[in-house]
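Scroll down for the structure; my scribbles are underneath it.
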Amino acid sequence: MRKDNRENNELRNINMITGYLMHPAGSVLIEFGKTRVICSVTVADEVPHWMRAQNIKGGWLTAEYQLLPSSTGDRVRRERKGVSGRTQEIQRLIGRSLRAACDLEKIPGKTIYIDCDVIDADGGTRCASISGAMTALRIAAKKLLKEGKIKENPIITDVAAVSVGILDNEAVLDLCYEEDSNAEVDMNVIMTAENEFVEVQGTAEARTFSRKQMDKMLDLAVKGNKEILEIQKKEII
Amino acid sequence: MRKDNRENNELRNINMITGYLMHPAGSVLIEFGKTRVICSVTVADEVPHWMRAQNIKGGWLTAEYQLLPSSTGDRVRRERKGVSGRTQEIQRLIGRSLRAACDLEKIPGKTIYIDCDVIDADGGTRCASISGAMTALRIAAKKLLKEGKIKENPIITDVAAVSVGILDNEAVLDLCYEEDSNAEVDMNVIMTAENEFVEVQGTAEARTFSRKQMDKMLDLAVKGNKEILEIQKKEII
Amino acid sequence: MRKDNRENNELRNINMITGYLMHPAGSVLIEFGKTRVICSVTVADEVPHWMRAQNIKGGWLTAEYQLLPSSTGDRVRRERKGVSGRTQEIQRLIGRSLRAACDLEKIPGKTIYIDCDVIDADGGTRCASISGAMTALRIAAKKLLKEGKIKENPIITDVAAVSVGILDNEAVLDLCYEEDSNAEVDMNVIMTAENEFVEVQGTAEARTFSRKQMDKMLDLAVKGNKEILEIQKKEII
Amino acid sequence: MRKDNRENNELRNINMITGYLMHPAGSVLIEFGKTRVICSVTVADEVPHWMRAQNIKGGWLTAEYQLLPSSTGDRVRRERKGVSGRTQEIQRLIGRSLRAACDLEKIPGKTIYIDCDVIDADGGTRCASISGAMTALRIAAKKLLKEGKIKENPIITDVAAVSVGILDNEAVLDLCYEEDSNAEVDMNVIMTAENEFVEVQGTAEARTFSRKQMDKMLDLAVKGNKEILEIQKKEII
Amino acid sequence: MRKDNRENNELRNINMITGYLMHPAGSVLIEFGKTRVICSVTVADEVPHWMRAQNIKGGWLTAEYQLLPSSTGDRVRRERKGVSGRTQEIQRLIGRSLRAACDLEKIPGKTIYIDCDVIDADGGTRCASISGAMTALRIAAKKLLKEGKIKENPIITDVAAVSVGILDNEAVLDLCYEEDSNAEVDMNVIMTAENEFVEVQGTAEARTFSRKQMDKMLDLAVKGNKEILEIQKKEII
Amino acid sequence: MRKDNRENNELRNINMITGYLMHPAGSVLIEFGKTRVICSVTVADEVPHWMRAQNIKGGWLTAEYQLLPSSTGDRVRRERKGVSGRTQEIQRLIGRSLRAACDLEKIPGKTIYIDCDVIDADGGTRCASISGAMTALRIAAKKLLKEGKIKENPIITDVAAVSVGILDNEAVLDLCYEEDSNAEVDMNVIMTAENEFVEVQGTAEARTFSRKQMDKMLDLAVKGNKEILEIQKKEII
């Protein structure tokens, strides 16, 4: 049993408030336990420079991620003179994950912007971001189709993300900040509604890990992502 | 009568949710009509380099302001390679205004960070930021005193801020975004609980303004700020 | 009586050397007492990116301001890795003020650059910059019209700027550096030849200020700006 | 059979020239097929600012990675105004991997710098970097111990890295650039001499992947890394 | 005979206004024909980081150079996001040249700042800067000695600088902008009062140059620098 | 006799490995004694922005230079947030020197990129870079002509570069790092195959230099460059 009385294979409480913001096409305030992230989706009539330069058809999807300064225990500095390696890695991961859910050839000439702004951080912010952004994207696509701003729905599957790890030599699901700080291994797993993997990123923090541990963590991740996909489904009916 | 049925001398609905965030010493989600800003206050055991270099006693208070990308009608870019003139002006104004409410010699060696993150922008974001930050600061001071993290309460008065303007040749109070876009003159007025001015910043947008118009705008600002100070008072009892 | 024997409502000596530089269309070396600023005006066949992007007709006017490193008592660093908030605020103020003197639709496709380089700083540099730049702009417009480089004169009024403040509880006009450092309140007022306000920016430095003090400062500013407008008029005949 | 006549589970030719550079404590020119990377190791008497600030004992190890402009088919720009997300990710990965091979408490007050400069890129540059840097680190540690510049050898195990992927629906080992460009899935696996995992980073490029494919890729990676560890061992005798 | 009626071996009119600025220890407005540069000298109680790090005794001298935006025919952009290669080269040259005139061990713990701000550019700005800065430095040293701010005079010789070039196949002295633009070869020569060389920087612009041409240019430079050294001498008596 | 047994007028061993890299059109690993530089040449179908803006015909050639971090005795930092004045000066010198060897009107619309990456630094890196880049350029031109990627050979002469200096009051050729560190004067001379000068850059390091010393240094440079031009000739047959 964990400090917060969860089983090792149990997710924290996951909640979403959809339509949280006034302006964007889709938005969600997602909670993974005490972690809270505002995910929003906007669409612009433009594609990145490199797509035009290489004459690539279709559209694009990109993501930005930010910890608000007061989202963490010690105030974190705003990244106003360049973005840290950690932030870069996370927003690249969010972007790749959501692109795996889309066929961007269906929105030629358009860029989807995913913004994930963490207002309270208690572990798992990147997974909450991806899982919340997926739902915001579903909402946005529906609205933009209705308004005629896109002709086809670019979404071809759903994605969800969850963290797993090895803590005190046991595999655990969906680590909160305190668990994450003490974990020997930390792994983020992003999956589709078809139970296929989009990303697997496992890192030895304090100790390296065996093939057996790897397998156990993957088992937990599959279970967790299935549950998150169920929660997402309820929000977008 | 205005489009939203307000009188010229009428504020929008102003609401606050205090304790909105998990980590910071004080936090408020403030609403000025549809404008929503997360204001938070954290304290660090440090003073700016220039204070140490000049051997200045006492503490410091500084502010940062940000529009979230999806807080506006068209997505606004994150300021990750340097901050725009507009953002600089606003956060300098917030900082000066809150410093006017404090005697920083009472918190030697400490810096108060004010963070104002706009999640929905509908005009008046800098005034909402100042008014909300004041309440977050009251909450933080109480908590920090109780925890012994500061010895004295640095707060010596309260400040509130409101915008006024000239729209269709009439002075109006607390402009929403649409009014602000069409206003001939735009003025932000920051005042103390003693009805003294902290800042007056009036700008001719589409037309210059007469002394008489100046006077009318100041009258409205005084009225508006008194009402905001009342609202703040209720939150911190 | 002030340290430099001026009455509270008295300006410092104001002088201008027109045609101070070899290349620009208009240039002025303006002196407000010991403060000296080189103001110059050049015109380029271009408009900012955002005007083209939004397909806005007409021309543009923008301003840049700089303290030379040796213009102040302690050498000030050059701003070579980004511009400070103070500099940003001042050059935005100069730009807005001069734009209020112009109808930029009369110079389609052109940008007027105002450069204000302070060579000696003794208080009031932003007001000297605005007042000098107005005269440099008059000179430039005349020359450019004559040379056929612009078709219409964009200038529709004149603007002047002066600082006022509360020092030892009294309202004073046109503060030098030493006065400014000790002032309780500092206010910059920009006005047109028609006695209308363009900008009013008042800041409580050491103490907040009452409505009565506000009124007195505005009175002084009106008087000072009228006198500066007279001095400008003489230079451009 | 692959285009270059390798079996799916076969590495490219791996060679190392040790002592390639004149100055650093350890250096290796490593070749993974046509990919060539200069790996070097230097040690400095300093630790990062954040370690001093948090009063953390021990030493540190950090890595930098660069593609030389002419190392790729189209000349790649130097990263002189900030480093791309890709470069950040790779050098963070190299750093974490080599730190997993060390007990940095054994070199208090010192920082090990790993520099990986790719002179010819043909796929797998990050894995070649890690595998070559490990050997350069072994050489450097020996030399520094001998010279008395470090008191204890910080190395506690060896690490090797290899890429695996899914290409035309088959799992393949050690992809060259052309294979990598066409792969459906791309995974980098870093392991220790004890066959434990340090990092597993798998990404769906063109298609998501099943649990079965994941397992096959891990099998290949284990085989490849064992062989690389053997090659490293020969170089450092 | 040249366009401006000078002989090939003739300098332009060289004038200096000393004490041109209010604050710095020494300042000069120098004119080389129509070229005008404000040179100023300030001293600070600090030495660069690298001197402290390497525990180097003595003081330092550094130089900064800037073209004001309106100093040239087409307005030149301010270098606010980093300094161009040209500016870097020039200010490094100014610094080296003035350091050659000083024994900086005589001013331990102090840094001399040379600021050269070009207000009108008509060729030869770097040579005017060096020649004017030398005189400003003489003035500053005198003043600082008198005020007891330095204990010893660091100046051990005088330096002067002049440009020479090959124009229409003839060697010419002190080129104005138009000549410089058309010159085949451009050379800057910095010399001491003892007729020794400090720097020789010759560049083939449109055509390479022979040893004979090199010799002729050096002859002219020696003549020109002797004359400039005479002019400097008169100013500092 | 020098420490390394060379006569004062003797070059170090100079070697080149041509075709050192896989991708670029031309590449050379050049050695000047222990100094080693990778020089490469690539061509792109583009010209700089300023050429298009000014509608200048023809092509362009530009150069970049870098010390690898481990190329020097103490590890040198990567220039990732802007390039130092020293690097700027060197790469501008390389660019000017190679442009003197070309008639760029013969390659309209194209830019030649010269990349010089120093892997071992032992003095004379800029001269080795220029001398090696010349040969890499010859190789690239041949290859590009053959492949039809350029229509005409832009090369009109060859350039070579060598350093000379005054060490212990004697003129010496091709200084290694230790000599360079102790030299009183340091001069770099770039020449063509016709024995004409392209650049002469002499700097007094510890002592100023006489006309006689200048002449002796030029004599040595002429001798050294002739020998380097011979070595280059052998490589490109």
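In this document, chain identifiers A, B, C, D, E and F correspond to the written order of the chains, with residue numbering beginning at 1 in each.
Please note the rule applied: contacts are C-beta pairs under 8 Å (C-beta built on N, C-alpha and C of every residue); 3 or more make two chains touch, one makes a residue touch a chain.
Note that the coordinates shown come from a computational prediction; the quantities given were computed from them, not determined experimentally.
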Steps needed, at fewest, to go from chain A to chain C via touching chains: 2
Interchain contact steps from chain B to chain F (minimum; 1 if touching): 3
Far-end chain from chain B, centres as C-alpha averages: F
Rotational angle, Cα trace of chain E fitted to chain F, multiple of 5°: 180
Maximum centroid distance from chain D, chain identifier (CA atoms): C
Distance from the mean Cα position of chain E to that of chain A, given in whole angstrom: 59
Rounded Å distance between chain B and chain C, as computed from the means of their C-alpha atoms: 28
Distance between chain centroids, defined by C-alpha means - chain C, chain E (Å): 33
Sequence positions of chain D contacting 2 or more other chains: 82
Chain contact graph, described as a line, ring, star, complete graph or other shape: ring
Chain ring listed from chain C, with chain E in second place: C, E, F, D, A, B
Residues of chain D touching chain F in the complex: 21-24, 27, 34, 36, 38, 40, 42, 44, 64, 66, 68-73, 75, 78-83, 113, 115, 117, 119-122
Partner chain C, residues of chain B touching it in the complex: 82, 85, 88-89, 91-92, 96, 100, 187, 192, 194-204, 208-211, 214, 218, 222
